[in-house]
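After this come two complexes, each holding chain A, first together with chain B and then together with chain C.
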Partner chain A sequence: MGTRSMSRKGPADVIILIVLLLLCATTLYPLLNLIFISLSDMEDVMRSGGMLLYPRSIHWDAYDYILRYAGLADAYKMTIFITVVGTAINLVMTTLGAYVLSIRDMPGRNALMTFVLVTMFFGGGLIPTYLVVKGIGLVNTPWALMLPGAISAWLLVLTRNFFQGIPKELRESARIDGCSELMTLIRIMLPLSMPIMATLALFYGVGHWNEYINVVIYVNDEKLNTLQVLLRRMYTSAIGEVDGDSLPPPVETIRAATVALTALPIICVYPFLQKYFVQGMMVGAVKG
Partner chain B sequence: MQTLSSPRCTNPARREQSPDTQRRSARRPLWSRTRPFVPLYVLFLPVLAYYLIFWYAPMGGLVIAFKNYNFLDGIFGSPWAGLDHFERFLSNGDFWVVFRNTILLAFYRLLFGFPAPILFALLVYEMRFAKIKRFIQTISYLPHFLSWVVVYAIAYNFLSDTGFFNQIIAGLGGDKIAFLGDPAYFRTIFVGSSIWKEIGWSAIIYLAALTRIDSDLYEAAAIDGAGRWRRLAHVTLPGIRTIVSIMLLLALGSILSVSFEQVVVMMNAMVSPVAEVIDYYVYRVGLLGANNFSYATAVGLFRSVIALGIVLIANWFAKKFDEEGGIW
Partner chain C sequence: MKMSRTSSISLLAVLCAVAALSAGCSSNNNEEGSSGSSPAAGGASASASASAAPSAPVKLTIAQMDGGRVWKEDNPATLELEKRTNTSLEVNMIPSGDFLNKYNVMAASGSIPDISKIPNFEFEKYADNGLFLDIGDLVDQYAPNLKNAIDPELWDLVKYKGKQYAIPYQNVPGKIVPAVRQDWLDNLGLQMPKTLDELETMLKKFTTDDPDKNGQNDTYGLGSTGNWKGDFTMIFGAFGVMPFDSSGTRQAYLQDGVVYSSQISEGYKNAIAYIKKLWDEKVIDPEVFIIKSDQAQQKLVQSKAGLFTAWWSIAPEVLKNNLKMNEINPDAKWNPLLPAVTGPDGKSGLESRGSINGTINISAKAKDPVAAIKFLDYLATDEGWELATYGIKGQHYIDLTQGRTEEGQKAMDEKWLDPLAQIIYRPDMVDKVNDASQSPTQIEDNRFIKAAREYNLYADFFYGVPLTDAEKNLDPDLMKYEDEMFIKFITGAESLDKWDEYVANWKKKGGKEILEARVQAYNEMHGTSYKAGV
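After this line comes the complex of A and B, so read on.
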């Protein structure tokens, strides 16, 4: 933009900067505050009126306690399982659909595309979907958290648009060289599609890590709780037995520690994947 | 998705090269035209199966809205009920309460949640400290990736009995307020937390539109003596007019879909009179309580059909408004 060429910065620019930095603080501080609380003594927390600007002293009691809680270990196992396996299913299914629909001269392409897109605007809704999931025996299994959402039509379209941007001569020459369709997809298309694959892995992976609602709908078994379900439950009822005989630390710090253990993996991977997803979003925003 | 409607026109080069092939292929029987693509159709089979099982089978299952479904007789064997369920919920006071809750939450979300990311995008766009800009954007996307449960934990931390706000109130000598259990504050907290979570993420699309504005326009405006506000009013805002109208229509189109997950996370017995939306009502009468599958499906179907109608109307308006404006 032209205004960039004028390097002089006026008071208005400083005001904008301050407003934006304040907005950043409102985004970051609530998270940091919870992390500080998880590391603190409750007395320090109360003395500062609930607003710690830094942890006055470091205590690992809350982490020590919650990590000994068997329910947390189960929830971690479950969440990691559905994140790894669920994302793998998502990637395979979305890539297959997107690849086939990216081939422009395939007869029936429009019909298949419509078949997929209809689901963005209309569906059976909660109860009929529940009855189908129950009917095929997925209720109270981890598969109910992975299979019903195996493909997001929106991400499929995004991926298809990306594939369409790869010169079709590459695919055609691979086919002439005797590659099967599947080999062409794996050997030729995928190595060129890492940005979109990273975008898919991020969106689907975060979705699984944050899994809450499908557990509420489809699962009624303590063993299959995800981290989010466990964390939410800690705000309505006390957690069960914890190994060891020490006196439990204050509930506020336990909850805060669980928030940190739930959200930190996301906050840690996020900067690495960040450069891909905005790019990925934009591919999809352009009508293809 | 425009190419969908005109696949034959997408490849003019090929047609020019070999008009003969093209003409011949039109006359060739279906099988010989499709045969080279059989491996592709095979690759598509898992996707086809997925959509048939998890999307089209439930659409077929909607038929139970017109039946008295029970597990014993199954979807096909259960007796027909005609429009009984629809009559029942339309004459039921409960339904209109949740309908009103849904519309009100959506209205407040639209009123405050829609302009927020546009303002944020404009602020970021007008920011001239380039290095800090990237940092601010990175931070602003982060809450989008946090779960509603974590957002609830954050809200709880500030709003609970021992939270920051009540400490201030207590410090000033007032009575503590149970913010999360008070119907009077529910809508504010609901809309506020969704703005907190999505403001940066929703701004991406506007920022993309802003960066596409031709920089010559700004220079021309500057030469004409336009100050910052006039450049905003006459160059920047017209530059994002189309995308804003599309997003507004999309938002209007989704007016009946208040985030079910957010409602479930923030729900409790005290706030349920204002927090219960149509989706939650369907969940409660269908799955939580008496297993009124047919009645709940009827409510869900009613909602879906109205929502679809609104989307279609919104898209029709978008097209009227602007050639490029439609969603499809």
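After this line comes the complex of A and C, so read on.
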């Protein structure tokens, strides 16, 4: 990409450029608007009816209100922990599973593949799953948020397809040079699979970052609450504030600030992974 | 390439482990609605094990909706509470929106806590499965303060199948206030409307006579709050019926031993005719049926309407404080429309928001139910209530009339001071605090809180009766039909001449069946023999 020289720019190019810029603006503006609202004074927000082209003045009240909330630091730590450790577990488990299933001459491969695929369409249901998780003693531990969903069947299939796209001769030659299966995976397959790894990391990472319902269901201990649970609680309390002694908080700006605090860190990850991301999805899809 | 057999088999083994994991667990990703809880608890062993040794604190587990509060282990107020009640608390704060999902899995796995606060009348379902203890005798014996703090009527209201499984969590049923722009009335030289005719006149002038004096024709009489089901409650009240309330509950009323549904009553028809007239005169905000609450509130702030009906807190709290109405328009002044306008037969009133909004229940498996009851009893005392609500006297608040200290306010801002304030509600204490407050916000609030309690309230005859099967099956479709027809009648898409056809369809679509089932359920619950009037 970028190698083709743009020596002549015809009117068509200009039009395309304008259209693309407009398109870009329509996707970017809602996010910017949100950030502007979170930084604005409530009065400005109400006057403008919730549409701001730029913040007329900078106010940190909304962030101040949120950051005062007890336990926010713990929640951030918890969320980062399950995002990092959980994603690592996901990557290891998915890679192992996908690699094995990508080997065409493995006995029982189709039956096992079917077994995995079935879970894409049928689930055990909330209560049976809860009973299993409880039965193996994971309830009220962070592991309940990482181990039960360690493998997403869909991403496993995606990864398997990617592995299948790598010429099997590479694996054979590794065998000849004396690699074990594990070494083949680590030394040969993984270095070739960075696009799909980035894709997996992104999907799993965002999933963990946004973890909400599982936290509600499996965790009882306040200290194990994640960011999403705490921010939601904070927001509901902000809109329901009827404590006579203090002025109610600026609800609209708080809502915007909540979203900003939740979404921005994970949005920051995207640009770094995006080039792999698209590539990984495409490669898996075409050659599967 | 031929692989060696052994390595293929070792691969297979790894794969099995992986597959088992993904099979067992991938369903976690689905957010499933709760399926019904299976009965989990065995017989209620209400062994009143008198806590012999007061030295060792009794461990009590509690589950409740979080109410925006955080449970903090080192909260001095709850530590003090534990000390005074000789308990060791383990509290599970569950996000409100997902409370029942979580509670269902807890119930299904047989691990509900000793004390649960359950919203509305949901406890009935769990009580049917034997999860809760009949605490009638325990309360009489060990909880005099609790018994006295709550109205006898409410204790009766939550009796279920003759047993006292629940302690009612009181709610003030009068929470709705029609609010009028007093400055608009003054600008136009009008009085507060007292009758439906005067209301119509006022709404017309609000619409056409430029009440905000900005020279533009940009106002409506009747504004919306983003939930049209609550927007007409005063008009329904004036016609003597409440066909539905703002949460969508269809109401019924008793007359001469027969229970009638308000949805097909003559009063409802007349109310529709009146609202339709207002609609045709274009004095109702035309977006009333589609607007969302945020936008609706913004419209009110921007002075687009002069009357709306909603929770007491909307005008003084949301519009004035949260949304800075007076910074935008310094003259804006909302006043409660009190008394409510009266209809042709002299009737008036608003919807009731119910006299309880939850129950406290003790698990049938609680190790020490007596300790649980005693703990709740302490929360119902003046001292216990103050501790749970305001923290430690001297440290977090000066006294009830002088409010919080700086430290207490900081703790409130951080949301951890009063995690147990929503277990026992003491309206008398709350009033005492509110009345004594010097804060301008609270004084403004009080005008609306007080007004909300003055109105005549229409409560559903079936309040507290558990859901019948007929409702579960037929209600969604019926309600859709009701809503559609209401909107069609108002907007003129359907002529009101077709009222009889509507009534016939209503009965056919399950209205009759539901009403009969509900009357039967009511009779079973209360030992009465009313008839269904369809």
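In this text, the second predicted complex is superposed on the first by the 225 of 288 C-alpha atoms of A that agree within 3 Å, B and C clash if a C-alpha of one lies under 4 Å from a C-alpha of the other, contacts with A are read in each partner's own complex, and residues count from 1 in each chain.
Going forward, a residue touches a chain if its C-beta (ideal position, glycine included) is under 8 Å from a C-beta of that chain, and two chains touch if they have at least 3 such contacts.
None of the values given here were measured: they were computed from a predicted structure.
Chemist: Answer with first, second, both or neither: which of chain B and chain C does A:Thr27 touch in the superposed model?
Modeler: In the superposition, A:Thr27 touches chain B alone.
Chemist: Please indicate which partner A:Arg232 is in contact with in the superposed arrangement: first for chain B, second for chain C, both, or neither.
Modeler: In the superposed model, A:Arg232 contacts both chain B and chain C.
Chemist: After the superposition on A, what does A:Glu222 contact: first (chain B), second (chain C), both or neither?
Modeler: Second partner only.
Chemist: In the overlay, answer first, second, both or neither for which of chain B and chain C A:Met194 touches.
Modeler: neither
Chemist: Of the partners chain B and chain C, which touch A:Ala73 in the superposed model: first, second, both, neither?
Modeler: neither
Chemist: Touch check for A:Gly124: first (chain B), second (chain C), both, or neither?
Modeler: In the superposition, A:Gly124 touches chain B and chain C alike.
Chemist: Between chain B and chain C, whom does A:Met46 touch in the aligned arrangement: first, second, both, or neither?
Modeler: both
Chemist: Let me test your reading of the model: by the given contact rule, A:Ile18 touches which partner, first (chain B), second (chain C), both or neither?
Modeler: neither
Chemist: Go through the superposed model and pick first if A:Glu172 touches only chain B, second if only chain C, both, or neither.
Modeler: Only chain C; A:Glu172 stays clear of chain B.
Chemist: In the three-chain superposition, say which chain, chain B or chain C, touches more residues of chain A.
Modeler: Counting residues of chain A touched by each partner, the higher count goes to B.
Chemist: Using the superposition described at the top, list the residues of chain A that contact chain B and also contact chain C.
Modeler: Correct list for chain A: 46, 49-50, 93, 96-97, 100-101, 103, 105-108, 112, 115-116, 119, 122-127, 129-132, 147-148, 150-151, 180-181, 213, 216-217, 229, 232, 236, 252.
Chemist: Considering the complex alone, what residue numbers of chain C touch chain A?
Modeler: 1-3, 7-12, 14-16, 18-19, 21-35, 37-38, 66-73, 92-98, 101-102, 104-105, 108-109, 111, 294, 298, 301-302, 313, 317-318, 321-325, 327-328, 403-404, 409, 412-416, 433-434, 437, 439, 441-442, 445
Chemist: Quick one: in the complex, what on chain A touches chain C?
Modeler: Residues of chain A touching chain C: 42-43, 46-47, 49-50, 65, 68-71, 93, 96-97, 100-101, 103, 105-108, 112, 115-116, 118-120, 122-127, 129-132, 134, 147-153, 156, 168, 171-172, 175, 180-181, 207, 213-214, 216-217, 220, 222-223, 229-230, 232-234, 236-238, 240-252.
Chemist: Contact residues on chain A for chain B in the complex?
Modeler: Those residues of chain A that touch chain B are 1-6, 9, 12-13, 16-17, 19-21, 23-24, 26-28, 30-31, 33-34, 37, 46, 49-51, 92-93, 96-97, 99-101, 103-110, 112-117, 119, 121-133, 136, 147-148, 150-151, 157, 180-182, 185, 206, 209-210, 212-213, 216-217, 228-229, 231-232, 235-236, 252, 255-256, 259, 262-263, 266-267, 270-271, 274, 278, 281-282, 285, 287-288.
Chemist: Touching residues of chain B toward chain A in the complex: what are they?
Modeler: Against chain A, chain B makes touches at 1-4, 7, 10-11, 30, 33-34, 37, 39-41, 43-44, 46-48, 50-51, 53-55, 57-62, 64, 75, 120, 123-129, 132, 135-136, 138-143, 145-150, 152-154, 156-158, 162-164, 167-168, 171, 196, 199-200, 204-205, 208, 213, 215-219, 221-222, 228, 231, 260-261, 264-265, 268, 279, 282-283, 286-287, 293, 296-297, 300-301, 303-304, 308, 311, 324, 328.
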